[in-house]
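Presented below are the structures under discussion, each in the form of structure tokens.
Each of the next two complexes has subunit A plus one more chain, namely subunit B in the first and subunit C in the second.
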Partner chain A sequence: MTIIEEHPANPAAGDADRPIGYGRLQRKEDPRFVRGKGNYVDDIVLPGMLHGAILRAPVAHARLVSIDTSKALAHPGVKAVITGQDLLGLKLAWAPTLSADVQAVLVTDKVRFQGQEVAFVVADDRYSARDALELIEVDYDVLPPVVDVRKALDPGAPVIRDEIEGRTDNHIFDWEAGDKAECDAVFASADVVVSQEMVYPRVHPAPMETCGAVADYEPIDGTLTLYETSQAPHAHRTLFAIVAGIPEHKIRIVSPDIGGGFGNKVGIYPGYILAVVGSIVTGKPVKWMEDRSENLMSTSFARDYIMQGEIAATKDGKILALRTNVLADHGAFNATAQPTKYPAGFFHIFTGSYDLQAAHCKVTGVYTNKAPGGVAYACSFRVTEAVYLVERMVDILARKLEMDPAELRLKNLIKPEQFPYKNKTGWEYDSGDYATALRKSMDMAGYDELRREQKEKRARGELMGIGISFFTETVGAGPRKHMDIVGLGMNDGAELRVHPTGKAVVRISVQSQGQGHETTFAQIVAEELGIPPEDIDVVHGDTDQTPFGLGTYGSRSTPVSGAAVALVARKVREKAKFIAAAMLETRPEDLEWEKGRWFVKGDPSAGKTIAEISMGAHGTVALPEGIDGNLDAEVTYDPPNLTFPFGAYICVVDVDPGTGHVKVRRFIAVDDCGTRINPMIIEGQVHGGLTDGVGMALMQFIEFDAEGNNLGGTFMDYLIPTALEVPNWETGFTVTPSPHHPIGAKGIGESATVGSPPAIVNAVVDALAPFGIQHMDMPCTPARVWAAMQGRPRPPI
Partner chain B sequence: MQISMTVNGEDITREIEPRVLLVHFIRDVLRLTGTHWGCDTSNCGTCVVLMDGLPVKSCTVLAAMADGHAITTVEGLATGAKLDPVQQGFMEEHGLQCGFCTPGMMLTARALLDRNPHPDDGEIREAISGQMCRCTGYATIVRSVKWAAEHPAAQETTGEEVTA
Partner chain C sequence: MQIPAPFDYARATTVNDALALLERHPDSRVVAGGHSLLPMMKLRLARPEWLIDINDLYELDFILREGDYLRVGAMTRHTTLLESPEIARLFPIITDAERVIADPIVRNRGTIGGSLCQADPAEDLSTCCVVLRAEAVIRGPGGERTVSMSEFHRGPYETAVAQNEILVEVRFPILPRSGSAYEKVERRVGDWAVVAAGAAVSLAEDGTIDDVAIGLTAAGIDRTITEAEAVLHGKKPTEGLFIEAGRIAAAASDPIADQRGPVDYKRHLADELTRRVLRHACARALEVRHTTTQEG
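Right after this comes the complex of A and B.
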């Protein structure tokens, strides 16, 4: 295993090795987790707490004829049964989505996907609540469903959203980026054009902890405390205020320890709202935790893009242009979570890492009788789909030109001197040194040797594949002049207090789901103030305790909130200078900073540490005019641009010619996330994303039958890679700081999930080259691979 | 019905409904919330505890089936402030991120090391292959277990309890 790190691999060697700032550092959150003392939503028990359970629709499309809850209400453990009719009375039957649509909280008129919420039972315990679901009698009038997205816009297709007045079809939006005329002109005169349709199938983030909430409504003073699995507690509070009509200052959202998010916990699901309604109705706290099938069948899915791609090039391999038409399945409600202006997320970064003359994309979003969602699973607002498209197209082009795919990429990557690089769909890439990263990955892989080995194996009839992908991410959303979610600017706050003894607390608006914010953000403050990370507490996940901000998704914590934390620490440092000057009886401009203290220029012995300054600030030092008696500060950060992490991945697979089974033998990942804070955490983020890639490329998808039955509703059917399906990851890095981020950091949370699927598929298709296979859709299951091998068998296999 | 068992070395007796799953018994009755629940189908292994020293998925064991047996949960791994080497290894080698699968992973690792003190990578991967982790990609879990194998004497913990 190759691990390249700038810090030694033994973090426990003692205080001397502990970085005051950036570097490998054990996580501050781990002591509680290894003792089983984490505090997840389902661990919360409040006095008198009741349990909720949701009755879900067994069919995909049906009129709700009648619902009889009398038997359930007669169950001795049941305290309440809530139906859509009850919610209509409360004006809560429909809730706004994050994409200017509405979503049914409980069905009032029509079931629109299998697993949709029909009724909510509140009972003394979780078993009674489940028992009572069996006692609710519902009569459905089943309707033909829209399952195949390609038929959703057919004339005569059943209209899913017929509750919207005047709606006669299932069309949601058309969205374009790039210059179509310019692009068409380049295509018309190109030497070589290749095209390919590819499906990025519906998948699901499936964090180990499902979604859930504990709602505690206090009727006397009208306060709501809501513990929930939320990646964005502040945004949720504002939305709850708008949806439920509870004043925002009366709402406290607590997002405690979260068992993985990956975008699954961004949206507000009906279950959260129902827990609140249940608490209001019963006057008791109500817990709702979905089970795994509910999670897979009803909460935010990801992807589901059918992409028609075309790439144009000269015959010697200069890529000229890329264009695509996308059919996007958004399910029954348009509930994708992305900045308002971008209904296809950031898909229009599909030009990838290449210097093109033209590009154009058109995305058409449609309704189907499936669960809502679409932006989730570490996708960086659909950069996953974009990278998959361009990296598959480049590989297909390489095959057509009979060029090595690495050589073709090296020939076309954006060059370091071209940054900041403006692409053809409007993005301004901040910084990059792409060829260096690709060459590094090839060196680590031993690329030429692998190709030699492959040639030998092919001659023997063995199927070995080598796949490359090069990706550019666009993360850290985002500048408020361009980006908002339901009207909320995508900025984040940070508050820093240095206590009199020099210990500190930093309060942040983003929320960890395992990324290690309590460590990373302490390290940022430590680097800026020169006090040890263990002396800095990071508070997050509680709207009563933290400043406003939009939360953790789209790899935005370090790019946005990390910047806020660096800047608030600098503000404190600057304030400390004035107090130090007063203490040292000198002028602020005569002081110089070294990590942890201000001292008099030319006289290093005359200085004050941050702890001394803080004691002075809170003590009796005569403070300069305009400086108040604390060492605190707050900021809200509005990023000037997004950040653009990138990476070069190489995957080596062996395909069993007898069974079609794909074994990922090696995976080499070189990532550049700009300035690195904690290499251990970065490596962990990359490993997790690579495993996602193996899942998506080889085993995961949520499929439906012709009636709209979800065929991926359990972990028996929706497969998660285990330790036996993934290799020992080989990771490396380059460092190209972001020029506009205060510490140069770019973010790493989703890079590997975005970048790895095409590397794996490219490797599988490469392995199957003897069969003349140009493309295979994910997941490359043994059955699909085997079937592909039957199509055009060629010697020697 | 009445059941008795030893949980983390302590004898307990409780009155339960016969249908109660061991995972719910541990979490809801005994209030030991370090054992988590992740699926309904015995696939994910988040709920693994040790029954008489062997890993079992506690969502697939009735509490009644544990009657008369010895159960170890994550809360029983450490001895006072002294962590099990497996716990220390997971902190040293970043074997956890969100922490949700971690208790089950650590208990399986403990059971593995008890019968095979020096497992190789393949044996570790095989041992944890009934358990899913969505964060780590497993390589650091493998390293964590190896760290524990190489440091069989548990270390005094220096990690402070952190509350957020």
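Right after this comes the complex of A and C.
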């Protein structure tokens, strides 16, 4: 059932600004951020701390002939210079990646991408460390690089990973989903088949805070405290224990305030390991903080998929099947962060929001001489690529059938009564009312009126485009029987303690990079226990302070950790019931719950609030058998399924025919993330994601030249959209709770980043329709839009 | 954080003090707004041993009308130019350009002097100065000299200002019945130009074009396109002439392919934008002529 009201009737919700539970609560973390009192990794200063800097390779592919560090060591501020040879001795030259591959921490044999880590200098201050880099002399024997992913599998292509015994090519994996034979049969008998190759270019998450770490190894008791920019501190601790051989109980990872992640801070980068090695070698804390160019050139990129799509339909617009072959550029090491069994992430959600008879995809992953990474930039494990593919294909089909793209979608969307819906590649969609969301976005946009305006403009020679995208995500990974990362089940824990006076602390395993966890998770506890969110502290980001869990990425915090928090609060509520019964000298089954208190059925005046019960629990109340004297609980949540947020987006653009410049005039976003905990935070997440979408669709692209030089190494080359490129976002919502989630929430973090690029590209292509253009690749820069119009018959302008 | 190579720093109190400091430290550069020099130092593309800070030289921060000239001090910030009603009235091309130069943060610090001395091929104010036939006043140990823009520009990143000299002022001649305009294509607000064009015209009493200058930014040429100007001289402005001028401008341009676009696109922009700015500049000149006629 779809609820369209923002505040479902909830008498205890409190007023809008100070809700007890869900509602528009101002973010609890903001006072410290707006006052400049955040505490980021680079703010951490420890006594005696030294500073590290990384020497990076200037070329993409080269043998390391020799490296001479003597001049750098002679620099008065330098304390140590570490090379790959030193790491070989420590068995730390190579580290496991999150995708069953290994990655060089420092080059020992061969440089495999421009910007790769070659040596690490530790010095008294940042300036000396940076200056000393110029004193290291390295001799490279340059090799031909593999830059064009389409040539990576050519016979005779240079073998990038020749350190792996028996490797003779750059092939990493082939992965398939869906029934190929069934799909081919449907295609063979379909009335209409259209195909299109499309490139989702390499982009970068580019968080405002770059990556960094402060490592503090204490040699006497052998403990390591590592402050780092991490979206997954617990998983990092386990990996550090395995990689560095430091016992896990001696490692503490602290991820303090994080200035944006977007997947960029999921993996373990050589810099983190080098800070640890530097601290072990010098016996002092070592800080390493990368600069902007290092972040853009060496840390986790996103996308880089070449997709060959084909869609089959009947003449009257019933979509039958979808298939695609993908060539995936994984860079020099397969360091993609994703569940082990899914080398292409969740790309097989590419069937989108439509009821299909068949589907098949095949993804081939290859090595190239580029930075490693792969799943980042708010993509829900490749759902971004999947949604882009299907939403472009549906638009192309609409054009072929001469049908309105909204009408074609409405005709094929999965119907509410079909949920839970099993798609053709193995997903079970939990819930949805797609047509309602699409109709709502069309109403908000004034869709028919926009089409009328477009018609008039076209007659005058003006280029206006309207683009639709309807997306379904699959987030909240995930059930441990299917999903793990390096063997760690994708579950999350929560611990709740209610103090004697009724104030509470909830400790969670996920880490906020700006998503507002300190507010949202307090609101979940508040909703379940009926105590004000201001009375609940949320602790996160410190492995010594929080229960184990896999961290924040793939929109998984609310679906997984949010469920853990709701369940732990319910556990406390249940326990409170027994203690209240003892206090009220009645039986637990005679008590009834209302927000904040247990009372005797039929006698509302006889009741105990959570604060009273907690004081009782910690006090002298005679406790019933089996109940101990506190009001604490803990939970680890294993989700039964993923959640499936969805949304309908409409974009309106104007294109300058003389310059190819695209202006996004309007953008309407209707999102359904199930139960809405804090609508203000949700809207903030949507605004940010939509802005990211404008970046990817119109301006972003990490480009390489033929030698493998990265051409996007600064913000002058890699463009970040600003308020000036984006319209006033028009957001709306529907609410279709997830039936299997304790509070019905589905997750919102990545919806807008996933859903917006196809809406914008569909709008640009629609604007260019008078030229007979079927597709253009992102980013739709002025030059590319202009080029798309050239050599085509001028429309009747 | 990006870290420059080591350098020393001195803060000049007067123009003469700055000149003395430049003389004393041969490997020194003045820093004005710092929005070109400091990024280059952080990327270690520039490594001066000394920075001579001229931000206390308020005597170089002015916009003054003197007879048939508007005098603009070298330390005048982009924001001041953008917000000046006098500039908007006399030289709307500068207001047009300032709207699309960088972003407010850069404009609050960056100066006209720094812009011209940086002489980046994609820098916008140089084109404005060229088409407005401005002159640059340079002061050195031997006193002041005034040079035309064509003498000032020696090529990309090279100007007539020697190491021991300072640009102190830019002078713009004020012509009757004139109009000017600038238009730039950028990939994103605050980006450098893919290509930009500027034009200035002044009309004779009879409405024919008395003087015209056309300039291109980031188009691989020394900014002006005299051949295109010649087509318009002495004629009444018409769409046909603008088209012809645009065609010549495109042919004269010699852009390079880069991430902002391929050569054919940039050539096309030279054409498209030349037409647009001529149309706009002539319309503005006609407006001025109209108002002056009415006033007269």
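As a convention for this text, the second predicted complex is superposed on the first by the 777 of 797 C-alpha atoms of A that agree within 3 Å, B and C clash if a C-alpha of one lies under 4 Å from a C-alpha of the other, contacts with A are read in each partner's own complex, and residues count from 1 in each chain.
Here is the rule we go by: a contact is a pair of C-beta atoms (placed from the backbone, for glycine too) under 8 Å apart; a residue touches a chain by one contact, two chains touch by 3 or more.
Only a predicted model underlies this, so the values are computations on that prediction, with no experimental measurement involved.
Enquirer: After lining up the shared chain so the two structures overlap, which partner does A:V65 touch, if you call subunit B first and subunit C second: first, second, both or neither?
Expert: neither
Enquirer: Applying the document's definition of touch, where does A:A622 land relative to subunit B and subunit C: first, second, both, or neither?
Expert: Neither subunit B nor subunit C is touched by A:A622.
Enquirer: Is A:L690 contacted by the first partner subunit B, the second partner subunit C, both or neither?
Expert: first
Enquirer: Between subunit B and subunit C, whom does A:Q515 touch in the aligned arrangement: first, second, both, or neither?
Expert: first
Enquirer: May I ask you to decide whether A:R126 touches subunit B, subunit C, both, or neither, giving the answer as first, second, both or neither?
Expert: Touch partners of A:R126: subunit B and subunit C.
Enquirer: Counting only touches as set out at the top, which of subunit B and subunit C does A:R35 meet: first, second, both, neither?
Expert: First partner only.
Enquirer: Considering only the touch criterion stated at the top, classify A:D257 as touching first (subunit B), second (subunit C), both, or neither.
Expert: After superposing on A, A:D257 lies in contact with subunit B but is clear of subunit C.
Enquirer: Which of the two partners, first being subunit B and second being subunit C, lies in contact with A:L724: first, second, both, or neither?
Expert: Both partners, subunit B and subunit C.
Enquirer: Just checking: does A:L711 make contact with subunit B only, subunit C only, both, or neither of them? Give me first, second, both or neither.
Expert: second
Enquirer: Both subunit B and subunit C touch subunit A; at which residues?
Expert: 126-127, 291-293, 714, 716, 722, 724
Enquirer: Residue numbers of subunit A touching subunit C in their complex, please.
Expert: Where subunit A meets subunit C, its residues are 126-127, 130-131, 289, 291-293, 658-661, 699, 703, 711-712, 714, 716-717, 719, 721-722, 724-725, 781-783, 786-787, 790.
Enquirer: Taking the touch rule as given, give the residues of subunit A at its contact with subunit B in the complex, in rising order.
Expert: Contact set of subunit A toward subunit B: 1, 11-12, 26-40, 42-43, 45, 125-127, 205-210, 256-260, 262, 291-293, 513-516, 518, 534, 537-541, 680-681, 683-684, 687-692, 714-716, 720, 722-724, 726, 728-729.
Enquirer: Which stretch or stretches of subunit C touch subunit A in the complex?
Expert: For this pair, the touching residues of subunit C are 1-3, 5-6, 43, 103, 185, 187-192, 194, 259-262, 264-265, 268-269, 272-273, 276.
Enquirer: Where on subunit B does subunit A make contact in their complex?
Expert: Listed in rising order, the residues are 17, 19-20, 24, 27-28, 31-41, 43-44, 46, 73-75, 77-78, 83, 87-88, 90-92, 94, 96-103, 106, 121, 124-126, 128-142, 157, 159-164.
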